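Okay, got some structures for you below.
Okay, so chain A shows up in both of these, paired with chain B first and chain C after.
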Partner chain A sequence: MRESWLLFWRNLREFWRVFRHNRMGMIGAFLLLSAVLIALFAPFLSPYEPSLVIRDATGRGLTFAPPAVHGPLGTDDAGRDVWTQLVYGARISLLVGLLAGFIAMFIGSLLGILAGYFGGWIDTLIMRVTDVLLVIPDLPLMLVLVATLRQMELKISPLVVLILVIGLLYWTSTARLVRSQVLSIKERQFVARARAIGAGHFHIIRRHILPQLMPLIVANTVLILSTAILIESGLSFLGLGDPTQPSWGTMLNFAFDRNAISNGAWWFYLPPGLAIVWVSLGCVLLGNVLEEMLNPRLTAHHLEGDVRVRPLEGEGAYG
Partner chain B sequence: MTQEPLLLVENLRKYFPVGQSLGDLLLRRPPGLIKAVDDVSFTLLHGEILAIVGESGCGKTTIARTLIGLEEETGGKILFNGRQIGARERRLQAGLVPLESGAIGTREQQSLPRLSFKQFRQQAQMIFQDPYESLNPRATIFEIVAEPLVVHGLARGRAEKIQRVRNALEDAGLRPAEEYFLRYPHELSGGQRQRVVIAGAMVLEPKLLIADEPVSMLDVSIRAEILNLLHDLRNKRGVSIVFITHDLGTVAYFADRLAVMYLGRIVEIGRTAEVLKNPQHPYTRALLSVVPVPNPRLRRERVILQGEAPNPIHLPTGCRFHPRCPLAMDACRMTDPAYVQLSATHSTACLRVESTAL
Partner chain C sequence: MKRLAFGLLGLVLFLVGCGAPSASSEQNQPVVLRVGWLGFPDTLNPAYAFLTESYTMFDLVYSTLTTEAPNGDYVGSLAEAWTVSPDGLLWTFTLRPNIKWHNGEALTAEQVAWNINTFIQNPDGWVTTSGYVLGFKQARVRDERTVEIELEHPISNMESRLAFLYIVYPEDFKGFSTPEELQNFTNFNPVGSGPFKIKTLDKDQRVILLETNRDYFGGRAKIDQLIYRTFDNSDALIQALRVGDIELAAEVPTSAFQSVKEMKGVTAVSLTGRSLSQLILNSAPEDHDPAPNRNPAITDPAVRLAIATAINKQDLVDVVLQGQGMPGLSVIPPSLGGGFWFNREIKDVEFNLEQANRILEEAGYLKQSDGIRAKDGVRLEFRLQFPSDSSNYPRAADMIATWLGKIGIQATPSAVDPDSLIVATNPNADYDMVIWGWGADPDPDFMLSVLTSAQYVEGGWSDSGYSNPVYDELYAKQQRTLDEKERQKIIWQMQEILLNDRPYIVLWYDNTLQAYRSDRFTGFIQYPAGIDSFQSLMNVEPVK
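Up next, the complex of A and B:
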C-alpha cells in the first residue's frame, strides 16, 4: 500500500507541475476554492445570524439599508444582513449542487459503463430511457416533480427533494458520454489481453475501463456541478427552495418578491446573482482545463524529460 | 514413439456472420458468412515452436484468438494436454447448456476429460501484436505483470507476488526488475514494452504461448532480441509457442515447424527446413520466391502472384487458390484438394503434387 500512496503523490505532483502554468485552470480553481472556503468558514465571516433583524437606535428594523449605512452589503426588506445571507447561502447552494452533481455523476457513469460494456439489450434499454429523459425539457419536469413532491407533505426537507430530483434526472448526458468512451476503450488491446488472461467482467471494468474513464468523470463532475448549481438557483428563484435555509436562488426570489429592483436596492439582488456566476464560471473553467489535461494521450512521452530541444544557433547559415 | 501433443487442433472452423442488408432480407438471401478459419488441423508438441505464416486476412489472427478463447469457434475440436477445451466447455461451465443435451457433442466428445477454462487460461497465454496498445496506460509495470497472479489468485502473500513479478521481469530481460516496478508503459520503449508483455505472459509459467505477430510493430534492430528471448524461454522453460507471422524471414530463423495458410486453410505444413528447402504448394513457392536474399548476384525466378486474395465471403470453388495459381488446371476449379503426405512430417493440399512418401 505504501507504493500506491507514493505513486499517487508522484502523479499529483506531476499534475500540479503542469496545472499551475495553466492560467484558465488556476482562475477556475481560485473561483471555486474561494467559494468553498467562504461556505466552510461562514460563521467566522459574519458576526450575525442570517435570520437576525438589524435594528437602528430606535429599535426599528433597518430595512433596505444601503451598504454605506450598514455592513458591507446593506440589509434586505426585513432588515437582515445581506452579506451574512450570502455567506450562509453559499453553504446551501454548494451543498445542493455538490450532492446533486455527485448523484447524477454516479448514476450516469454506472449506466454508461453498463450500457457500453455489456451492449445488447442492456444497452438498448438504458439508452432508450436516456433518450426519453433527454427529450423531456428539464426545467418544467423538475418544477412539476418538486412541486408535486412538496404537495405530498413528506417528512423530508425541501432541500433533499431538490437534491434528489436534480440528481435523479440530470445523469443523461453523462451516461451517453461515458457509454461512448467505454465503447472505444473496450475494443482496445489491453482489454483483450485481460480477457485472454482470464479476467472477469468486474475485474476488467474496475482495473481497465474505470481508470481510463476517471479523467473524463472527474472533469465531467466539475462541469455537472455548475449545471446543478444553476438548476438549483433556477428552482429556488421560482420559489421551490427552502425559505428557512435560503440559498442564492432563494435570495434572488426574495429580492424579486419584495420589489428590491423598484426600490433600487441593488445590493440585495446583485450579490447572489454574481455569486452564482462566480461559482459556475469557476466550475466551467476548471472542468474544461481538467478535461484537456487529464487526457492520457497528452501526457509526456518517454523520451521527453527535462531535455529541451533548442534550435541551433545560426541555423540558417548552412543554406 | 508418439508423444502426446500439447495442443491438438482438429477441423477448427470459425465463421463470422456478415450483416444482412434490407435487400438481402427481402430477397430471403441467407446471411453471408466470412469463413475466416475453415477446417484447420494441426498439432503442437511440448516445447515446440510452430509458425503460422500467411498474408493479411488469411485467418492467422483468428486462429490465435480462437485458441485463447477470445472468439468462440464455430466447429472443430481443440485438445489441450489431451483434454478438450472450447466453446462448448465454456458454455457447460457457465451452466448454459445442460450436460445431457447431446445435440452438440457426440458421446465420444462428452466422455473426454474436461479442463476447466480457468485452468486452461493459466496454462496458455497470449502475446499481442502491438506493444503500445496491449498495456493499460494507467497501470504500473508491476500491476501489469502481477495481473495474471491476481486474476487467478495464485500468489500467496505479498512477498511471493513481488518475487514472482521480479523473476518474470528479469527472465524477460528487464534488469534490475525493481527499476521498472513503478513505471508506466509510456515511459518505456517499444522493445521494453514487448518484454513487459512477455513477462506478464510468463509470470504464470504457462505451457503454451500464442504469439500474434509479436515483432511486426518493432524496429528491425529490436526484433532479433525479442525473438531470441522467446527462443530462450522455450529452451529453458520448455514452453510451446504458436508463432503467427507474415514474415517468412523470421520463421526460418526461429520455428521448428511451419504452416502456410491461405484463405482460412493450411495449404502446406512441415518441418521448417523441409518446407523452406522443398516447397511443394505453388503458394508457398510464390511466398518464398519473393523473400529477399542477401546475395545481390544471385538471380532467382520470382513468382509474382496476380491480384489480391479473394473475398472470404465468396470463396472460389474447388481449390481456393486456383484463381491466382500459376499451375492451375481444370480439375482445380472443381476439386478441393485433400492433404498429400510428402514425408512423415510434411504435407500439402495441392492436386499438382504427387504423394512421394509412404
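Up next, the complex of A and C:
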C-alpha cells in the first residue's frame, strides 16, 4: 500500500512538471482555484451577512441600488448586497457541485469497475440500468425528482435533495467510460499474471486496476464537476434551490422573477451568470487537459501493445 | 405548419397595411385595445371558477342584476329599480326593457328567475355561486319585467351579492345531469348579455378576442375590439408595453413598477386595492377527514405568536412590494366601504426577534445543538409553500424563512403549482404554512366567509381549515343584521377573534399596479376594481 502511494506522489510530481507548461490547463486551474478560494474566504471578502438588508438614511431597504450608489456590485431587489451574495453563493454552488460530482464519480466508478471486471450478468444488469438512465433526459428527470422530493415531508434540506438527485443520477457516463477501460485493462498481462499466482478479485481491482484507472477518474471528476454546477444552477434558476442559502442559480432565479431586466439592474444578473461561466470554463479547460495528459488511450499508441501503459514503473513494483 | 401559416398571413397583412395607408381606411379600422396579462382563464363557467382571470371575463361578457359603480355604490345593471319589503324578506326587481342576449334573443324575467333558482337548488354544481345565494328561498316571475326574490331571513349585503350572480344563458347550462358534468363544462363560447362578446378564444395561443356588443343595454363601448394576450413572464409583458405591442398592462409586477413609471407615453397607476396576502397556518380540526398532515406545533398559539412577532411586515412592503402597498393586519382590507368595515382598534404585534425568541423559550421550545428549537421531541421545522405563479411570494418566503431561522424555526420554502396547492390546503390539510392571497369583494361578507368552518369542504373557499363556533355564529349574525352600525360592530369583533387565533397572519395589502399607453388611449377610470374593469373599458377611447 505504502509503495503505491509513493508511486502516486512520484507520478504527481512528474505530472506537475508537464502540466505547468500547459497554458490551457493552468488557466483552467486558476479559474477553478480562485473560485474555491473566494468560497473559502467569503466572510473575509465582505463586511456583510448575505441576508442583511442594506438600508438608506430613513431605514427603508435600499432596493435595486446600482454599483454607483452602493458597494462594488449594488443591491438586489431585496436590498441585499450583490457582492456578498456572490461570494457566499460560491460556497453553495461549489459545495453542491463538488459533493454531487464526487457522489456521481464514486457510483460511476464502482459500477463501471464491477461491470467491466466481472462481466456476465452483473455487466448486463448494470449496463441496462445505465442505458435506461442515459436515455432519459437528465434535466427534466432531475427537475421532476427534486420537485417531488421537496413536496414530501423529508427531514432533509433542499440542498441535500439537490446534491443527492444530481449525484445519484449523473454517474452514467462515468460508468460507461470506466467499464470500457476496465475491459481493456483486465486483459493485460500483469492482471493475468496476478491472477495466475492466486490474487483475489479485490486485490486485483485495488492493486492493479484502480491505479490504472485513477487518471481517467480524476479527469472525469473535474468534467463532471462543471456539469454538476451547471445543473445546480439550472435547477436553482427554476426555483428548486434553497432560497435561504442562495447559490448563483438562486440569484439568477430572483433576478428573473423580480424583473431585474425591466429595471435595468445588470449588476444583479450579470455577476452570477459570469461566475457560473468562470467556474464551468475552468472545469472544462482543466478537465480536458487532464484527460489529454492522463488518459492512456489518448497518449499511448495502443497498436504497440500494452507496454506503454502508465505508470510503467508500477508493473515492477507490483511484480 | 400552423406556425408557418400564421407567419405568412402576418406578412401579407403587413404588406397590405403598408400599401394602403390612406386616411379613409384608417377611419374604417376598428379601434382595438390590446391588453396584456400573465394568466389565462381555465374556465368561463361561473358555476366552478376560481381564477381572477375568469371573473374578469365574466364581468365583460355577462351581466348581473346590480353592479358596483366606481364610487362604491351599488347601482342597477339588468335591474332598473328594486324595492324591499319592510320585513326584509322580499326583494322585487324591475328589469330594463329590451335586453338582448349576444345571439339576438330577448333576455326575459323567466330566464333571470331560472338562474337564481338554479343557483339555489343546485349548490353542489354551482359551487362558486352558492355562497352568494345562502339564505335565498326562491325567485319568482311576477310579470314579464319583474322578478321577486324571496329570502329565508333578512340579508344585509343583498345588493353586493347580486353583483356576483352572473345571469347565464339557460340553454347553455341545462342538460347536465351531475354536478361534475356541470363543473367540467368550460363554456369557452359563452352567450351573455354584457358589454363585450367573445369572438375567438384560443387556448393554445392564449389569446382572447372580444367584440363590442352594439346592443348592450348600458350603451355601446367606445372601442370596437378588445384583445387579451397572455405573457409567459412579466419582463416580456413590460417590454410589450414599452414598444407598444399592447396598450394596457392589466398587471404590472411590483418589482417592475418603478421602471414602468419612467417609460415615455405610458401612465403607471397604483391604486389602493382590495387584495391582501397572508401566511396561512394550518388550522384544520384534528378530526378532519382526511386527517391533517402537519407539524403539530403549528397549532400551538405560542408558536403562532412567535411567528407573527418575527415577521417584519414593513420590510415586506418595502422590499417585496417595492413600497406599493401597506402592512397587513386584518382579513378585511382597509379600503372596503371606505374604511368602515376595517377594525381600527385592533393592534398588531410589533416586529421583535428577541421577543419572539423569548416567547418560544417560555413556551418550552429549547434550542437544540443545530440551533433549531424543539419541545417534547417536536422540532420546529415547517414547510413554507407558496403558489408558483407569483413573483412576490418567492422573495417573501425567503425573507420570512430568514427571520424564522433567527428564532430557531426552520421553514423550508418551496413553490407549488396552484392547483396542487388548492388540494393540499382544502380538503387534504396537508401543509404547515402557505403564503397566498385573496382579492376581497367590496362587501366584507366574502372575506369573513373564507374563515368559516362551513367553507372547509371540497370546493369551498376555506384554506386555513379554521373552525370556531363563536366566529361561525357571528358570521351568520352579521349576514342578517340590516342595521349597518350593528353589523359593523359584529364584523369588528370577528376581526379581533381572527387576530387572536391567527389562522392567518395577514402580511400586506398590495396596491393594484397597472399601466396603459396614455399616448394612445384615455378615459380609464381609476378605482379599486382597477382600470381594466368593464365600466372603465367601456369609457376608454383613443387619444384624438
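By our rule, the second predicted complex is superposed on the first by the 284 of 319 C-alpha atoms of A that agree within 3 Å, B and C clash if a C-alpha of one lies under 4 Å from a C-alpha of the other, contacts with A are read in each partner's own complex, and residues count from 1 in each chain.
Assume contacts are C-beta pairs under 8 Å (C-beta built on N, C-alpha and C of every residue); 3 or more make two chains touch, one makes a residue touch a chain.
On a predicted model such as this, the values are computed, not experimentally measured, just so you know.
**Q** Have a look at where A:His203 lands relative to chain B and chain C in the superposition and call it first, second, both or neither.
**A** Touch partner of A:His203: chain B, not chain C.
**Q** Does chain B (first) or chain C (second) touch A:Thr148, or do both, or does neither?
**A** Neither partner.
**Q** Tell me the contact category for A:Gly79 with respect to chain B and chain C: first, second, both or neither.
**A** A:Gly79 sits against chain C, while chain B stays out of touch.
**Q** Name the contact category of A:Ser184: first (chain B only), second (chain C only), both, or neither.
**A** Touch status of A:Ser184: no partner.
**Q** Figure out whether A:Pro211 sits in contact with chain B (first) or chain C (second), or with both, or with neither.
**A** In the superposed model, A:Pro211 contacts chain B only, not chain C.
**Q** Which of the two partners, first being chain B and second being chain C, lies in contact with A:Leu7: first, second, both, or neither?
**A** The first partner, chain B, only.
**Q** So in the complex, which bits of chain B are touching chain A?
**A** Residue positions touching the partner: 68-70, 117-118, 121-122, 125-126, 128-130, 133-140, 142-143, 147-148, 150-152, 181-182, 186-189, 197, 200.
**Q** Help me check something: in the complex, which residues belonging to chain A touch chain C?
**A** The contact residues of chain A facing chain C are 51, 53, 60-61, 63-64, 77-79, 150-151, 153, 155, 157-158, 239, 242-244, 253-254, 256-264.
**Q** Across the complex, what residues on chain A touch chain B?
**A** Those residues of chain A that touch chain B are 3, 6-7, 10, 188-190, 192-200, 203, 207-208, 211-212, 214, 296, 299-302.
**Q** Taking the touch rule as given, give the residues of chain C at its contact with chain A in the complex, in rising order.
**A** So the residues of chain C touching chain A come out as 233-235, 238-239, 253, 255-256, 258-260, 293, 315, 318-319, 322-323, 381, 383, 388, 391, 394-395, 397-399, 401-402, 405, 412-416, 420.
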